[in-house]
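Okay, handing you the structure first.
We call the chains A, B and C, going by the order they appear; numbering starts again at 1 in every chain.
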Amino acid sequence: MSATQAPVHLPPRAPAPPGPSLTDRAWGLIEAIGGVVLLTVRSLRCLLTPPWLSWAPEAVDQAWILIKRCMIPTAISVFVFGYGPVGVEGGLFFKALGQVDRLGSLYSVGAVREYVPWVTGMVVAGVAGTAITADLGARRVREELDALAVMGVDAIRTLVAPRILALMLVLPLLNLVGLVFASLAGVVVELQDHGNFAGYFASFQSGFSTVDMFANVLKTAGFGFLVAIVCCYRGLNAKGGSEGVGRAVNVAVVHSFAAVWLFNFAFNAVYLAAFPGSLSLR
Amino acid sequence: MVVDGRRVPRPAGSGLGGDPAPAIECRGVHKSFGAAPVLADLDLAIPAGSISVILGPSGTGKSVLLKHVIGLLRPDHGEIDVLGEPVSRMARHEIWDLRKRVGILFQDGALFGSMNVFDNVAFPLRQHTDMTETEIEEIVLRRLQDVGLAGAWALMPGQLSGGMRKRVGFARALVLDPEIVLFDEPDSGLDPVRTALLCELILETHERRGGTYVLITHDILSARRVAQFIALLWKGQIQQAGAIEDMLSSEDPFVRQFLSGDCIGPLGMD
Amino acid sequence: MEASAINRKPPAEGLLTEAGDLVGFAGQAFYYAAGAGRYFAEILRQCGILVVGTTLVICGMVTVVGGECGLFVVYGLRPLGATSFAGLATAICGVREMWGYMFAYVFAAKVGCGLVAEIGSMRISEEIDALESVGVDPMRYVVATRLLAVLMTVPFMYAIAMVFGTIGSYLVVVVELHGVSLGQWIALHFSSQTLGDNLLSIVKVTVIATFIALVGMYYGYRARGGPVGVGAATARSMIVNLVMIHVVGAALTTIFWGRSQVPIGG
């Protein structure tokens, strides 16, 4: 086959176009932040201008779907986290100090302040964030959003604003449910370490404070807002078929996780600086 | 074809001119997904050495049939023989060897997105033969020249147009010199001119290399251009099959309607 | 192409079927991993992608969680007058728990979702069918290679992340909040970490990362239905991953450290 013909060589490769430079990436990040801010402003305008409450039915629908989807994963995750890391590690400390009966205060302080909003935020960002991005992304890629625009329907008013509201409402609610499960986990740990109910509940109550609860609700509402806005932005700007949707979901999840963590850190730092006594275990 | 890691010329009698044993034979094939049967008691015999076209309205299970031939799906009942081997009853590891003798062009080319065009076409050679890189380079380049894409060897699939992707897929399907080549809707997403060019390419390649080509399409124009044998697939069965001259002069109302693209006849919107 | 079958099984049965399918897939992936050595080039390529794409984000976020640990520890110990133990607390909090969870969250978001997206779109564009038709087993070439890449790179990535977690704790405890002097924090932080603890931590993270990768690849491999299908698969995989991170993490914590002692008072 090859003996009778001259050897063939590959033609020269065309120079590859340069990839995105650092400045391109930085500019891309600034654009993304700008886009998110713009989306926020537009959503607020939809929420605060007539027709009033046009977003309400969709928001209720979305809230219900969110609760259905996230309730069980959140409950399981919070309970298990409360039993494992908090229960085992915190329990170790308390056993070493001979203070097993006061485990309750660890739960009321640690749970309310820290880990329940944290875990709830993670689970909702993962579960609801991917769902929202996938939904909006698929609509964008199928040109459904374009079709809506042609029919004179504002996608932000009908799709984005309700989802933001739904998440801001549902996250604190899920958080409260999570608190119940966290306390349950604490009860299980307490019983396992041969403590007693009375001590647990007494120290739980003394560690509890209303200011903490308000801060908690505020923090989780903030989480909800951040997750919704990041995921809606990524979904609305998906492009490129199923691969594009997958990529958009991936980026959305990473960014919403990062946003939640950074917000968590900043909020905690500010709150603890303002109320330094709130973390002491009474 | 590939034997023991080396390419050897195909033995006489499997090239052009027809051969008594059909290349692909389906007997009583039945397949359903859920409640609806997609293929129902299907009988088909594809003659060896010629270009066959399986025509049918959209969504009638043509692609499903193709996947059965190559062993990606198994029928619920019935048998499928490819080149004399009982594909429907072979174990998974036995089918690997058979796949080296069958090339398939998927609908959008199905190129491997992480490699460039050259590596895509070279992939089967690197996996299944012991050839040196120089030999591989030669063969791949010749395949790419055949489909007119030698200059694009360094591009990634994402940088190619739909038509280019199909041509690269064609080159890859041919690279092991298979005895059967299957085409899954090769004209989908192409404009009429490019469709015509692709048909020309298929005809030229078949003339030069022989083998059995099977095209799945619902475009009658392409079918008329390339087919030597036509089978009509409708309601999960082969309604009619035969040489193209016989089909074109058939009196059957269904055949006449479909081959002329007419509104009047037994076929409706559903 | 295929007629889509609407699944009308009761939810519980559907869930069990899916769980069984997932376990079967995972078993297959490990079985085929034995023969994936011939694709070593592909394994290395996957390692490279993992390392380049994920390490920076992970290190950044583990720094943040290290800082979070430090915050909690200082404010918790200050009223007890026990801030001198800050080093001990950040070590236990970080090594055993928080760095691992943060790594797992980032891994699930970046790699887990990424795998579903990548393999899902390979499935949709028939690339996986194309591999089979060319005579290459996609379970080996696509799934097993990525599994091996994860097993090879995660221990090292986590080891690097641990450094950053320490830096994060240091920045918050010593620099920002002046809870404790540098010397005291370093002394306790490092003396309270045993080699065993650190190794167990790496094992825990590797186990969780393997789960995440397998779940992601499972949902990608079984994706169907275009963009909507890929999106739905990604959402579902995140649910499974997030619950599983917590369950497996808690289980491993209990197994590894449920009976251990806190090194206070000798």
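Going forward, a contact is a pair of C-beta atoms (placed from the backbone, for glycine too) under 8 Å apart; a residue touches a chain by one contact, two chains touch by 3 or more.
Just so it is clear, the structure is predicted and the values come from calculations on it, not from any experiment.
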* B-C or A-C: which has the larger count of contacting C-beta pairs? -> A-C
* Asked: What's the chain with its C-alpha centre farthest out from chain C?
  -> B
* **Core chain by centroid distance, with centroids computed from Cα atoms only** => C
* Structure fact -> dist(centroid_CA(chain A), centroid_CA(chain B)) in Å evaluates to 48
* Structure fact -> chain B and chain C have mean C-alpha positions lying a whole-number Å distance apart equal to 43
* Asked: Using CA atom averages as chain centres, what separation in Å is found between chain A and chain C?
  -> 17
* To do: Check each residue of chain C and list the ones that touch at least two other chains.
  => 125
* Which positions of chain A touch chain B when the two form their complex? -> 1-2, 7-11, 13-14, 16
* Structure fact -> So, in the complex, the side of chain C touching chain A is made of residues 57, 61, 64-65, 67-68, 71-72, 75-76, 78-80, 92-93, 96-97, 101-102, 105-106, 108-110, 113-114, 116-118, 120-121, 124-125, 226-232, 234-235, 238-239, 241-243, 245-247, 249-251, 253-254, 257-258, 260-262, 264-265
* Inside the complex, what are the residues of chain B that reach chain C? -> 33-36, 38, 59, 63-64, 67, 70, 72, 96-97, 99-100, 102-104, 106-108, 110-114, 123-124, 127-128, 172
* Note which residues of chain A are touching chain C in the complex, please. => 69, 73, 76-77, 80-81, 83-85, 88-89, 92-93, 95-97, 114, 119, 122-123, 126-127, 129-131, 133-135, 137-138, 141-142, 241-247, 249-250, 253-254, 257-258, 261-262, 264-265, 268-269, 272, 276-277, 279-281
* **Residues on chain C engaged by chain B in the complex (per definition of touch)** => 1-6, 45, 122, 125-127, 129-137
